[in-house]
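Each of the two complexes below includes subunit A, the first together with subunit B, the second together with subunit C.
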Partner chain A sequence: MIGVELRKLMLRPRNWLTLLLLCLLPFIVAVFLSVSQLAPPPGQGGAFLSAVLSNGELYPAAALAMVLPIFLPLSVAVTAGDSIAGEAGTGTLRYLLIRPVGRVRLLIAKLVALAVFVVVAIVLVAVTALITGVTLFGGGAEAVGQPGAVTSLSGAALSSDDLALRLLAAIGYIVVSMLGFGVIALFASTFTESSLGAALIALAVLITSSVLETLDAATPVKPYLPTHYWLAWIDFFRDPVFWRSIDSGLLLQAGYIVVLFAASWANFATKDITS
Partner chain B sequence: MAARVVRRAAQRRWALVVVLAAVLVSIPAVVTALSGQATAKADPAALRALVARSASVPYQGYVESTGSMGVPDLPRLADLSSLLSGTTRTRVWYRNPSSYRYAVLTIAGERDVYHGALGETTWDYESDMLTEVVGEAPLRVPRAGDLLPPELARRIISATATDPVTPLPPRVVAGVDAAGFRLVPADPDTTVGAVDIWADPASGLPVRVEVGAKGKTRPIMVTQFLELDRAAPPTSVTRPQRSPGAGYTIVSVEDLAGVLGAFSRFPQQPVLAGRVLRQTEVGGVHGVGLYGTGLASFVVAAVPRSIGDPLSESATQAGAAKGEVTDGTALTLSIPPLTMVIARSTLTRRYFLLAGLIDARVLRDAAGQLTSLLRGRR
Partner chain C sequence: MIKTHGLTKRYGRTLAVDGVDLDVRPGDRYGFLGPNGSGKTTMVRMLLGLVYATSGEIEVLGEPVPRRVHRVLPRIGALVEGPAAYPHLSGRRNLKLLDAAGPGGPRRTRKSRVEDALAAVGLSGVDSRPVRAYSLGMRQRLGLASALLRKPELLILDEPTNGLDPRGIHEIRDLLIQLNEAGTTVFLSSHLLAEVEQLCTRVGVVDKGKLVLQDELTAVRTPTGRVLVDSPDPAAAVALLDGRLEHRDGSRLVVRHDDPAALNAQLVGGGVRVAGITEQRRTLEEVVLEVTTSSADRIDGASRPGAAP
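Up next is the complex of A and B:
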């Protein structure tokens, strides 16, 4: 079942188009930066963008910061929202469950496929950004001790190995964050036959969460908002690494994944399948 | 019949989900409850004395300081405004008074201050610059390091050494069973209502401080550890590291003293509003005087027009009350417990900035004395 879902995921042109668009934004920004040689000053513009001109190896971090607020959750919402609602909308859900395929197995397969999509999307953005960054801005040759070395947020120099390790950790963290968000869309997908509707529900949650983040009056609920710790991956680039928000973010997303997957199961397992 | 069975199954599943969600949401509260009841007890006066001597206690951790003073954006003092009006997230590594580091965290940046035996070094990610400060900073505006519970508590206690203290119920702060005491400033003119301090009764390390203003029910400043490790941090963390990819500069203290621009040279009065001039050069900077004692002391500076004009504009936008003083005008901005008066003399066209945790009436009286002085007259 998981194999079937993965094959469907890979064979759907729409998913590849989504991935292409995700990688395109950092590429376009890199081209502009490279041509103009005008990076925003540190602290302004996107995170890490100021440092990429001197070392392209940091561009994956800048690219992830670029796509994280909107593009990445948008693509995750569209893909996850399509999981069950898409099958129902095209009339294939009933036939799928007749095969016979257990509903829980189907739900698990959909979750695994979503996780694979999230991993592929984020890794692809990071890899294409690394290639783009090193090609356009240079890197690698500039080791620590020479101009061009990457500086952490705390001012310490980061070696290439250290940077790679922190980037991998950041990618892992973003994967978990996006999976937590994707499960919201998956849950919505079990309620409707419109994949667009499910994606919009997830995006409404994203926007509401982002708005509440800016509101002081919402302080007590902020630690529970799905987007609250999304930017905590930046803390991997402090020296020493600041684990507090990272740990909290991982626990929060694990909570969302467990509760909303259980809610998806509770709704989907006894739902009348009419299409 | 079949429909009823399905409905019951659905209800069981949803009940399971609700229970699961409730358990997960309640985990933080359960963890807090399991961390133990606060039972610490200490004599308030003895605890105050212990806190005052706690400068040698090492610690490292994470602090959140929340100010709700609503200070408007002041020219060249944006950091101060955000410090007093928002939440500041700070990591700190403290070995002893001459070796520590703290880092103010922003979403995608960081500002570090390293304090060593030879002086201070600052790192600012936003300017991509490591700055070595030669010598001791004579005058500086309050900064995040001053709001760390140990620093703030010791600073307040040193200014109120004989004021009365009463015990407070203990509380667990960052895993520390802390004893508390309330300090009420004795000076009737100060706008500080009370200061609540909780500290480790064994070492005297303050872990939480609340500053209340007169007439306010909620504290206007709360600073506390959210993570605390009482082990001394390694020197590798408290020593600045210079990245070859970052800028590096050395500045003398005089450069930093000019945060507000050059202070005007002006003869200081020995007594203002009945308060005696205690320091003629605050931190060695000519033109800035400190009057009075304890929390009711206030600073007075004659500022140039290039600072006075925008300062007046900001204060007016922030709702400062305009009034008359002898031979001049005065803008009074009260952001409890902070009071600021910007006075301008009609005789000399000079601006004076007066600020302190003190009643506005006292500052206006002092401003009236200053604005009525003729140039160069003592």
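Up next is the complex of A and C:
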């Protein structure tokens, strides 16, 4: 069933469009930066953007920082929201279930397919950004008139290998964050026949969470908000790596994944399929 | 094949299915008839484990449903409330995905299974255009193909000829009879009397969630005690019948008589030529109208006081 879900993911033109758009945004920003040579001053603008002009190898991190707040969660919400609700909407859900595909198996296959989509999306953004960055800004030792190494956020120099390792860790962290958010949409998806409705619910959670994040009055609940630790991946680029937020973030997202997947299962397995 | 006992489904305050005792035997072509909204689709969904019953028991192919539905479903092909497919993929691709999704059958023979199913429903020449571009009839055929994909022992079909033209309906009927003769039990739910009358050997009639009739089609269609006679000598026949004639329309006579053979002998003995003679039986329509109440999709206003009855 997982293979079938992956094939469906691949055969859907909309998913390719989503990936294309995700990769396009950092590319457009890179073109503007390289033409104007006007980087935002350090401490302003997107994370890492001030440093990319001196070393393109840092551009994947900057690209991830660009798509993470809205664009990436949006595409995750649309894809995850479509998982069960989309099948219900086209009527194919009943035919899958009488094929028969067990309801739990279907839900697991949908979650795995979602995870694959998230990994592919993030890796693709990182890889295209790396190519763009190195081509437009030059990378490592080749960067003209600049010290070869990237400076970490804490000031110490990072070698290319070290940077790659940190980037991989950051990608892994973002994947987990997005899955924690995706299960919200998956959960909503088991309640409705409208994939748009399910995506909307997840986005409403995202926006509520972001708004509460800026509110002092909401301090007691902040550590439990799904978006609270999303930016902790930046800590991978400190020297030494600042683990505290990363650990809390991983724990929180794991909690979201376990609880909401169990809730989706409980709802979906006992539900009358009337679509 | 299918046995239910006191099957009941309640949606909130509405009683969709009410104490149904269904009995479909192996080899039947069973027609499940009922007006729109009488609970047919809910019934079909319960048989397939899509909807859970409020109370009552279901046994399909000897196994309890929904508890062991996973063992029953691989032996069933079904069409529930219209066909469905991924609109951006071709019919072939849809069938291949469906085949791969469930258990049984090696990957190596998948292509031949898909081609067999497409050929059975008359879609073998279909090209790679997406299902989005299919006509209603083509979608219906594709839905039937997916039901036939696994060569099932039991076919549960909800409105299978929906959207087909007369020729298509005829083809599908022939296909179902052919499959039935090869051993497949067919359970067909429909609101189309003619469809059931021409295809089925047994009927169940449901009304407002209750099974109001279940019997062999021939037993349901009881004789009315009249014989239809077609004669080139109507006047001579009328004279001979003396008073048993009920109605005359040109050369066609409706005669009150229990035995067409005896009547035929009497007419021929009296020198009347007989071109055709048949026993009149109640039509399925008459039977169904008698046992069912109003159509569920008809919504009358509350009767006004003082209005003419």
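Convention: the second predicted complex is superposed on the first by the 267 of 275 C-alpha atoms of A that agree within 3 Å, B and C clash if a C-alpha of one lies under 4 Å from a C-alpha of the other, contacts with A are read in each partner's own complex, and residues count from 1 in each chain.
One rule holds in what follows: contacts are C-beta pairs under 8 Å (C-beta built on N, C-alpha and C of every residue); 3 or more make two chains touch, one makes a residue touch a chain.
Quantities reported herein were computed from a predicted structural model and do not represent experimental measurements.
Undergrad: Please work out whether A:Val4 is in contact with subunit B alone, subunit C alone, both, or neither, and reply first, second, both or neither.
TA: Once the two structures are laid over each other on A, A:Val4 reaches subunit C alone.
Undergrad: Could you look at A:Pro220 and tell me whether it touches subunit B, subunit C, both or neither (first, second, both, neither)?
TA: Neither partner.
Undergrad: Quick one: classify A:Ala65 as touching subunit B (first), subunit C (second), both or neither.
TA: First partner only.
Undergrad: Based on the superposed arrangement, let me know which partner A:Ala51 touches: subunit B (first), subunit C (second), both, or neither?
TA: The first partner, subunit B, only.
Undergrad: Report for A:Gly91: first if it touches subunit B alone, second if subunit C alone, otherwise both or neither.
TA: Second partner only, subunit C.
Undergrad: One more residue to check, A:Arg12. First (subunit B), second (subunit C), both or neither?
TA: In the superposition, A:Arg12 contacts subunit C only.
Undergrad: Touch check for A:Val101: first (subunit B), second (subunit C), both, or neither?
TA: second
Undergrad: Applying the document's definition of touching, compare subunit B and subunit C: which contacts more of subunit A?
TA: B
Undergrad: Go through subunit A and flag every residue that touches subunit B in one model and subunit C in the other.
TA: 270
Undergrad: Which residues of subunit B touch subunit A once you look at their complex with the stated criterion?
TA: Residues 6-7, 9-10, 13-14, 16-17, 20-21, 24-25, 28, 62, 91, 103, 105-110, 112, 123, 125-128, 130, 226-227, 237, 240-246 of subunit B touch subunit A in their complex.
Undergrad: Spell out the part of subunit A that touches subunit B in their complex, as residue ranges.
TA: Those in contact with subunit B are residues 41-44, 47-48, 50-51, 54-55, 65, 144-157, 223-224, 231, 234, 238-240, 242, 244, 255, 258-259, 262-263, 265-266, 269-270.
Undergrad: Using the touch rule from the top, collect the residues of subunit C that touch subunit A in their complex.
TA: So the residues of subunit C touching subunit A come out as 45, 48-52, 69-70, 73-74, 76, 78, 80-89, 93, 97-98, 100-103, 146.
Undergrad: Note which residues of subunit A are touching subunit C in the complex, please.
TA: For this pair, the touching residues of subunit A are 1, 3-4, 7-8, 11-13, 90-92, 94-102, 270, 272-274.
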